[in-house]
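What follows is chain A paired twice: with chain B in the first complex and chain C in the second.
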Partner chain A sequence: MIIDAHVAAVLVSHICCARSLASGDGRIKTKLGASEYSMGKYGALIVDAADATVEQDSEAAEAIVPVASPSLFVRAGVLSEASGSAYVELGNTQVFCAVHGPRAAGSGGSGQGFGSGSMSGQPSSQRGIVTCDVRSLGEGMVDNAGALAVVVSSILSAVVRLEQYPKSRIDVYVLMVNDSGSAFAATVNAACLALCDAGVAMRDLVSACSMGVTRVRPDPASESAMEVDKCDDQDDHDGVLAVVANPQNSRPGSRKTQRMTLMDFAIMPNLGRVVYAHLRGQVEFNHVEKASEKAMAQARLVAAILSSYMREREKSALDAMSAGTA
Partner chain B sequence: MNERERGKMLRRVFPEQYYAAFLSRDLRSDGRALDRTVQTSLRRKWSLSRADSSGDGDGVHQSLGSVLLKAGNTMMLALVSASGVAAGVASCECVLDMGPICSPYVLRGSSHALDAAVVARQVSEMLCSTVDLEQLVIIKDVLAWSVRVDVHVINYDGNLLDATGLAALAALQRARLPELTPLHAPHNDDDTPIPHPPGIGQPLMRASAERQVRIPLRSKARIMPCSFVVIGDKLLMDPTGEEERVSDAALCVQVDETGALCKVSKYGGAVVSDEMLQECISAACGEVNGWVKLLDEDDA
Partner chain C sequence: MEGQVVAPGMRVLVPGLLEGALRVVPDGGINDGRAERVGRVVVVEEQALRLERSRQHAVCPAVGRRATGRVTRVNNRMAVVEILAVDQIPVSDGFRGLIRQQDVRQAEVDSVQMYKSFMPGDIVETVVVSLGDRAAYYLSTATNELGVVHAFCPSCGDTPMHPLSWVEMGCVQCPSVLEFRKVAKRPASAVF
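Up next is the complex of A and B:
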């Protein structure tokens, strides 16, 4: 993957501060903060330990409970015909992403399917364009696909070094196999990984996290993260205010996350920039900062996973190649 | 430049010569013999179920079973859905979605859309012979199941027809229809049910949330296609994408479980001799045990 040398150095230092324990079958288990992350030849899996400590915010009127993020599984290079591809599972949300290109512009339409978008317009002789086409299986998610495609293409246009690809287009195709919440986060992470796999020049990685702000009734019977479906509106004062990273619908078909107050963030972790920030719903002033901090921290974590996974993959590919030619 | 890189360049720039070099030694570029299929695997752990809110309506919409098929590099996802159809005509069809995600050669306006339509039609015909349509009728002339298999091609590396057929069959085997019980069935004095006059918009059947039945398939009637491709004077079974692109002709033979020949199709292309056709048919019959085993393994 093509990343500037100084960015690579930053990445290396970031990874070195994680403690890593190698396990017997070649999987590397790492602890990054409170999360456990294991990586083998099948992909990288991160399981967030439930962070059950209640943080007392002295300025806020009440305590906010962080709810653990669902597990994330990533794997790159799953589709042989694409220039680069990735598969991401965020909880039950499953996303395939394929990158075709850079290829000559005008070699076909802008894709098919319900959602397609390109924020950069037409490729010029100075810079190329990135298009994104989101296809979701099933009738239920059609209205989201178009908006998601436009958003993702705008994010990628900011991240990819389009001036290195004049008169070209880079097509990103996303197939959402299952959407049970946090499709935005899964899609952006998948697109980033697929672009890395394709060797497209980017300014930085891009990782995303959605944060839901809602009230939760903790279930005394279960020890793990609280059920999002038991959440009610923010105005209900019985429950505890919680920020839920990458909220998921626990039952397939329920649309709970679509009614939650959601903050979506996409960041470039090493440049320390926010590429995309979106809030839907209402959040009290006091809680905005807390929620966005958690979101950024989660996104940075995901970026660290992606980068170390890609580095491992490159390393093993190089080893295999040198073993092959030796 | 070492040998490997030179080979890669030859493959890109002069694919016919590249493949001819292999075929003259009766080999294929991935090391297979000419009459071998790629390694195929089915993942049945994918259960996409989206329950619709209604349970009492005239139609029941659910995604009932799904299968991820990987045949070599060709990857496709087959989903089964079924809905109740008025006028009691049961049907089974296959819809093939081949979007630009699957291959750099598939773009809007390319000929692949037509190929996909042809393949979908062929697979629909296969499924109609395999599925027991009479048993899909719920109430005669009033209500019947209409089963639909959506096959989404995620990665296309050759042999669309075989993979689609296999994926569709596997998904149908995996799918479960909800068991239906009739709502307010009135009885005569001697307990024979009065045939229910269908009113418009009146719910007729209740779908059970717990109990499910399999989709009825005719016994020993599963049909599988087996595709071949001719390059020069060599016959290749189960072509990859690149082999298809350098090929001169394409053939398909459909056989069913008992080894009986169901269909032979050849759409244009170079002329093929009788002997080659016979070879195809016997090779297809030889493959039957393999795919029956694949479909039936861990079929709960």
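Up next is the complex of A and C:
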């Protein structure tokens, strides 16, 4: 099911309304690691950006400043027609994900032009497959939607227990409402939540984080450090080296994150495995380790947040069910 | 962790039980000591664990499961069934099954006549015997409780027929109508 643009707009406004309502009383504040997250009244999860701290790396020639990740908002179960669904906001990047399945392979959906869809192989009598389709709400907003679909389907086929769905297909539909640089991370996190919501058998959760390695102007502790527009190209040596988690373009239409050196990671937190790692651009030797450490730490944090959100949600649903029958 | 809600990948442990002595309900959502889905760990029948969920998750046909479906085509070797539910849980469209001549009943399989066993439109209760080929699962009705559950009277159209024996069904409104089917034996408490 491809999500209608009109429906998506209505849903986004509905969720944003619920989010602003949830910011009032009724928040449950909990500390988790370095950042605070709170469960809003409407079952949505809002994570505020953690404070950035300056670190001095004694071995490297210069200090590397970690910049906090933009705020995260998640909500599962947003689309009633899908087996499972989720909505994720990472800064200004907004993504819907719907999961349908298991479906019979080779039927349904093949009539529509899967321009940016991909499959992880053919279903066999031993395992099923995961297909992924990425679309954007506007025109040409997602660069390489096809590449993203391939990556997401290969990540999910490592995470989902496909041997329990022989000869079947699990369809993942992604609608990119707004991509301001963190499409990969938002999509993978949304897909994880949607699969959990659908009750698809998984080996583990999967969470993702992109880490941009770039230079920022002085005064990195202020919020403007997250705005990538202030960063210049790699050749410019002014400014402080920084790793930015899930970098965002500060202006719509800006393409600054395209020129950053970007490391994408997707991990399975409980099993302790990296499912996907990708570096685009160039990084100096002694910065690679640092940047990837921070990316993994951020991804683990996101995984913990997703896990506790899903568990809270399930707990309240089970309690409501037993209260209804009791 | 009994009574706790777990997420996929989390280890499931019950205090007081050795990990080796842990028994898990098959297809209960716990695999290799880790949860497969989000759910609450419950103990059933002493020391067997499974996950309890607020919503039934989607399933696909598997060997040994009951499949309820609607017959779409019949020829003299097989009946094609569109699978509607697996173990009473509705499934997505598109799952297809075949009831082959040798799987209709246990006795005298060579003399089975498919047109006297199934007709298009019948609702059948079957069991999945094999994943089959690329096009369809292989289904079987070769026990007493399997077979046609609902069939519609050919002359008055929408009226469901009631079973007269394990091979015959009749219509309440049309006394002259006698249809041959491989009829499923329903328990005495069944409504229809």
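Before moving on, here are some points about what is shown:
The criterion applied here is as follows: the second predicted complex is superposed on the first by the 267 of 326 C-alpha atoms of A that agree within 3 Å, B and C clash if a C-alpha of one lies under 4 Å from a C-alpha of the other, contacts with A are read in each partner's own complex, and residues count from 1 in each chain.
The working rule: contacts are C-beta pairs under 8 Å (C-beta built on N, C-alpha and C of every residue); 3 or more make two chains touch, one makes a residue touch a chain.
On a predicted model such as this, the values are computed, not experimentally measured, just so you know.
Residue by residue along chain A, chain B and chain C are tallied for touches, and C comes out ahead.
Shared-chain residue A:280: touches no atom of chain B or chain C.
In the superposed model, A:100 lies in contact with both chain B and chain C.
In the superposed model, A:203 lies in contact with chain C only, and not with chain B. When the two complexes are overlaid on their common chain A, residue A:127 makes contact with neither chain B nor chain C. Of the two partner chains placed by the overlay, only chain B lies in contact with A:175; chain C stays clear of it. Of the residues of chain A, those at positions 83, 100, 103, 107-108 touch chain B in one of the two structures and chain C in the other. Contacts from chain B toward chain A in the complex involve residues 2, 4, 46, 48-53, 63, 73, 75, 77, 79, 99-104, 107-110, 150, 152, 154-157, 241. Those residues of chain A that touch chain B in the shared complex are 78-83, 85, 96, 98, 100, 103, 107-113, 133, 135, 137-138, 140, 171, 173-175, 177-178, 252-253, 325.
On the chain C side of its complex with chain A, the touching residues are 5-11, 29, 31, 34, 36-40, 52-60, 62, 91-96, 131, 134, 137. Those residues of chain A lying in contact with chain C across their complex are 83, 100-104, 106-108, 125, 128, 161, 165-168, 196, 198-205, 268-271, 306-307, 310-311, 313-315, 317-318, 320-321.
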